[in-house]
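Okay, so subunit A shows up in both of these, paired with subunit B first and subunit C after.
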Partner chain A sequence: MIETEISLRASGRLARIVAYTAVLVISLLLPLWIRSPYLIHVFNLTLINIIAASSLRLIAVSGQLSLGHAGFMSIGAYTAGGLAKHLGWAAWITIPVGAVATMIVAILVGYLFVRLRAIYFSMVSLFFGIGVLAVNQVCEKFTGGYAGLIGVPVMFAGSKVQNYYFFIGLTVFSLLALYRIETCRIGVTLKAIAQSHLVASSVGINEAGYRVFAMGVGCFFVGLSGAAYAHYFAVLSHSSFNFLASVNMLVYVLVGGIGSFAGPIVGTTVLIIIPELFRMLKAYVPYLFAAIMIIVIFVMPEGLVGLPGQIISWIKGSRERKDTHAP
Partner chain B sequence: MHLEVIGLTKFFGGLAAINDIDIHVDHGEIVGLIGPNGAGKTTLFNLITGFLRPTKGKIAFEGKDITGKKPHLIAKLGIGRTFQLVPLFADFSVLQNVVASFHLRPRSRVWEAFLNTGTYRRKEEYILKRSEEILLLLGLHEVKNVLAKNLPHGYQKMLGMARALAVDPTLLLLDEPIGGMNANEIVFTRAAIEKMRHQGVSILLVEHNMQIMDICDRVVVINFGQKIADGTLSEVRENEKVIRAYFGGEGAA
Partner chain C sequence: METVINTIIGALVLSSMYILVALGFALLLSIMGVLNFAHGAIYMVGGYICYQFAVEFGLNQWLSLLLSTLIMGAFGVLLERVCFRPFYGDMYRTIVMTIAIVLVLETTVNVLVGVHIRSLPAFVPGIIKAGAISLSAERLVTFFIGGVLLLGLTLFIKKAKAGQQMLAVSQEPEGAVLQGIDIFRISAVACAMGCALAAVAGSLMGAIFELSPFMGDYMLVKAIQLVILSGIGSIGGVLAGGLIVGSIDAVLPLFASGAVTQAVGLGIIIVLLLIRPRGLFGREVT
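What follows is the complex of A and B.
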């Protein structure tokens, strides 16, 4: 009567491992074919955003939609950038420190806002994202204020390809950790809370604790990507972390498919690389984004990730229709 | 005494939803809680399980004061509950619903789960085995892979009970366990409640439907937030206040 989803998922496990490995191998070999430093730069940008979007999705798994994720990213970026520029710390130290600092702020904020659910959480996270930028203006000495933080020491200066491999490593590390969290009992518990916080607490789940946990881990990884960003770009401008940046992250997740782990990976890749392929149309990029977003929401409820499945069932459906018409 | 509620009062604004109520449940007892719509039955449940904080009064479980504790801590002490309007983990399968509800006994630490340690794997295996047992006990085994939201209403109610059992409770609070069920399902649910009692679980249940009240050792009747009767079913049936509350008549409010 009703399809058993669990057995379908078990059979898809091998396919998924093969797919992820193939993507990783292709990514590792990519610099052999693509010589253009500019395109490598685009890939680096994509990798940073994949970490950010995937970490945003972990918070979404617990039932909260953050509209201020770029604000958290800026904490990682400015912490790492500031420590490196003003105190001369090495990138190997500032990047983890930036990630941990972001996580600590997220946990403190999480405890304050933990009573807020759904839209109320989104509202507060939006204001937090804006508020962080205001704090950034106040601490001008450390963050550079409006002028931006200029002169952060760059890792692997002069080699975009070395940076590329570093980002691949960072992305693989982050995605493995996030994947493990989602597929083990922690992920099951977060999904349970998202579906019904009443039932979850009636079976002994500490709803508040787990929501803060999701915030902390999600923000650890976005802080990590922010810190890596600081050491790649060398210049931090607060407009890189404004509300639009937070919304972009959310769009990457939604277009790719919020329901699946691969969603933010696919969404980010498609939405960053497509605009770069049509650079002559750069002025129209926001409209392109809007169009893609609308099409995906109306036609692909599961996002781009669900598209192959949709096509398969569509082909099957049309074949069945033909069969019934046969004499 | 297993559960003891003394002088419990809850005000919503100026309205006393629960007014100075005393209730107790002994070990291994089935106590029925009945009363007309709006009498305060579900409010009482929410107070006992920590979803609401009482204005006044005391709730003691196994001799310990649990008044005002958070719901997840009350579950930890061994009080399981179901909900009247069957909220469940709608996008999980039946089996996943029960597995996800095994959060306390055994309990895995976050880092154990993350690192996939041997103890974690053994606990998960045990949870899977126990979940299947609970589904067999409640007759949900054939539908274990069906998504909870696609289940018929009666099955959803049974799933609520299965989930509450995953807490490994010594006291179970059932909010309208047979509400909206057909005759077959009612027979089955009655049998399931009896089975749980034989496993040593005390039960406090709320129900409008009198078809299940004869399995209760004792029945407590409340009306307008106040207890009006407490005794065996036949005693309560003869009680004038109860008759008035249910059928109206002279002096009925």
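What follows is the complex of A and C.
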């Protein structure tokens, strides 16, 4: 009994490794087939958002549903962009500096917000996200204010494909780190805190510390993606980091499935690429976006990730029903 | 002197409109546990429906306001029945649902009307002069309507059976069910009322300021600020929270520019919440 369970788990793990490797290989080979720079640009955008959504999920795992994640992303983006533009630092320095700056801010903020729980945390992080943008506009000299920060040096000016491979590397690095954190003891602790902070702290877990840790790590990676975004787009406008952007990240996570690590990856990919494929619909594209969301919540309670499992159990169920109907 | 009085009137007008929108949001949050991100969009659609009747069809403006309120009230019932009831108690899925509703509503307005900014004509044009002070009649009337509606709503919650049931459900859903209260019926009433109030606020604000498909986003953030500041589950607290947020928004622009105002306003609210993590009048959430 136990042996079969172990072997099942091992085979599941093998299947998962095979699946992840296959996805990685396909995405590495993608530029060989797809030549259109526009599509590569869409892929780059998807990769940036995958990092952001996955890092948001790590914070959510600790029971803190952050709605100000785009605000943190803007800290990374503007730090990197501002340093590169005003001081002429190279991208290889500004990207880590942007990520670390975001992490420091997140740790300070997370420490302040540690008393706030559940929905109060979500809402205050929402206000924080909006507040960051407002502060952003106040510091006009450094951030360009309302007009946006224009003229950030681009990292790979030559082609979008080089950027694509850079983003693949960045995504793989971030996802490996996030996966490692989630599956090791820290991740288990975070889940315990999310289930009941009282029980967790009664068995001696430093609940506040772990929650701040989750904020710090999650925001490090979103800062990383923000900084990379700055060096890719060369123009930072504050409207790309508004309240709606934070909500969008949350939607990517929820539609993909918040319960599984692959959730944000699948959700982001589907919700960015499908509307882009139908972009000839122009003003009607948001309908498509909304339709995907509504179908997912009505049909797939566990998000898009749960779909294969649902299909398998549905087939099994119909087979069993056939068996019971047979005389 | 005139600045002072106008600022006070401005604060009262903003407060009353914020409270109208926030009350609907608060009712849905405390009764159904729905974090209704679509409330701003409903407010916006209410304003546009009023505009459509009053300007395009040429109806009496007060009649259009009434029609817009009724239509949005009916929409609220539909919303509860189709969109919120299947996901009762599932916060994540209702969040996705409300965001889908926002997308649908904003895109519909965008496609049908376009992004051009429009404005409703004033409900009551003119200026009232009292001695050396001149006040905009429109603003006074808006405040008056807001005040009357709030008074009516407070009485409804205090005196009417349905109102008492709402209070019971928001305090303790399971206890309310044990007393034989139909949660879904109460939720439908609350949802209809919330949407209707948002429509009134949208129409009145559309006459004072302007209509745009994205005007709801600003109002939504204000409503959330107010509800969180006053605390979830406290309907009376929304009134106090509304006065605080409205006063901050009316007074701060006298001293600083837009972005600074926004940052300082949010800062004040964040600090208040850090001092009192469950809002000024709220209950503990776990």
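The rule is short, and it goes like this: the second predicted complex is superposed on the first by the 316 of 327 C-alpha atoms of A that agree within 3 Å, B and C clash if a C-alpha of one lies under 4 Å from a C-alpha of the other, contacts with A are read in each partner's own complex, and residues count from 1 in each chain.
Basically, a residue touches a chain if its C-beta (ideal position, glycine included) is under 8 Å from a C-beta of that chain, and two chains touch if they have at least 3 such contacts.
Keep in mind that what you see is a predicted model, and the values were worked out from it rather than measured.
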Which superposed partner A:195 touches (first subunit B, second subunit C, both, neither): first
A:131 touches, of subunit B and subunit C: first, second, both or neither? second
Contacts of A:203 with subunit B and subunit C, given as first, second, both or neither: first
First (subunit B), second (subunit C), both or neither touched by A:213: first
Which superposed partner A:185 touches (first subunit B, second subunit C, both, neither): first
Touched subunit A residues, subunit B compared with subunit C: C
Touching partner for A:103 - first (subunit B), second (subunit C), both, neither: neither
Touched partner set for A:118, first subunit B, second subunit C, both or neither: second
Subunit C-contacting residues of subunit A that also contact subunit B: 198
Residues of subunit A that touch subunit B when the two form their complex: 1-2, 4-7, 180-181, 184-186, 188-189, 191-192, 195-196, 198-199, 201-207, 213
Subunit C residues touching subunit A - in the complex, by the definition given at the top: 29, 35, 37, 86-87, 92-93, 95-97, 99-101, 103-104, 106-107, 110-111, 217, 221, 224-225, 228, 232, 259-260, 262-263, 266-267, 269-270, 273-274, 277-279, 285-286
Subunit C contact footprint on subunit A (complex, rising order): 112-113, 115-120, 122-124, 126-128, 130-131, 134-135, 137-138, 198, 243-244, 247, 250-251, 254-255, 258, 283-284, 286-287, 289-290, 293-294, 296-298, 301
Subunit B residues within the subunit A interface of the complex: 49, 51, 70-72, 75-76, 80-81, 83, 87-93, 95-96, 99-104, 108, 110, 113-114, 116, 120, 124, 145-147, 150, 163-164, 166-167
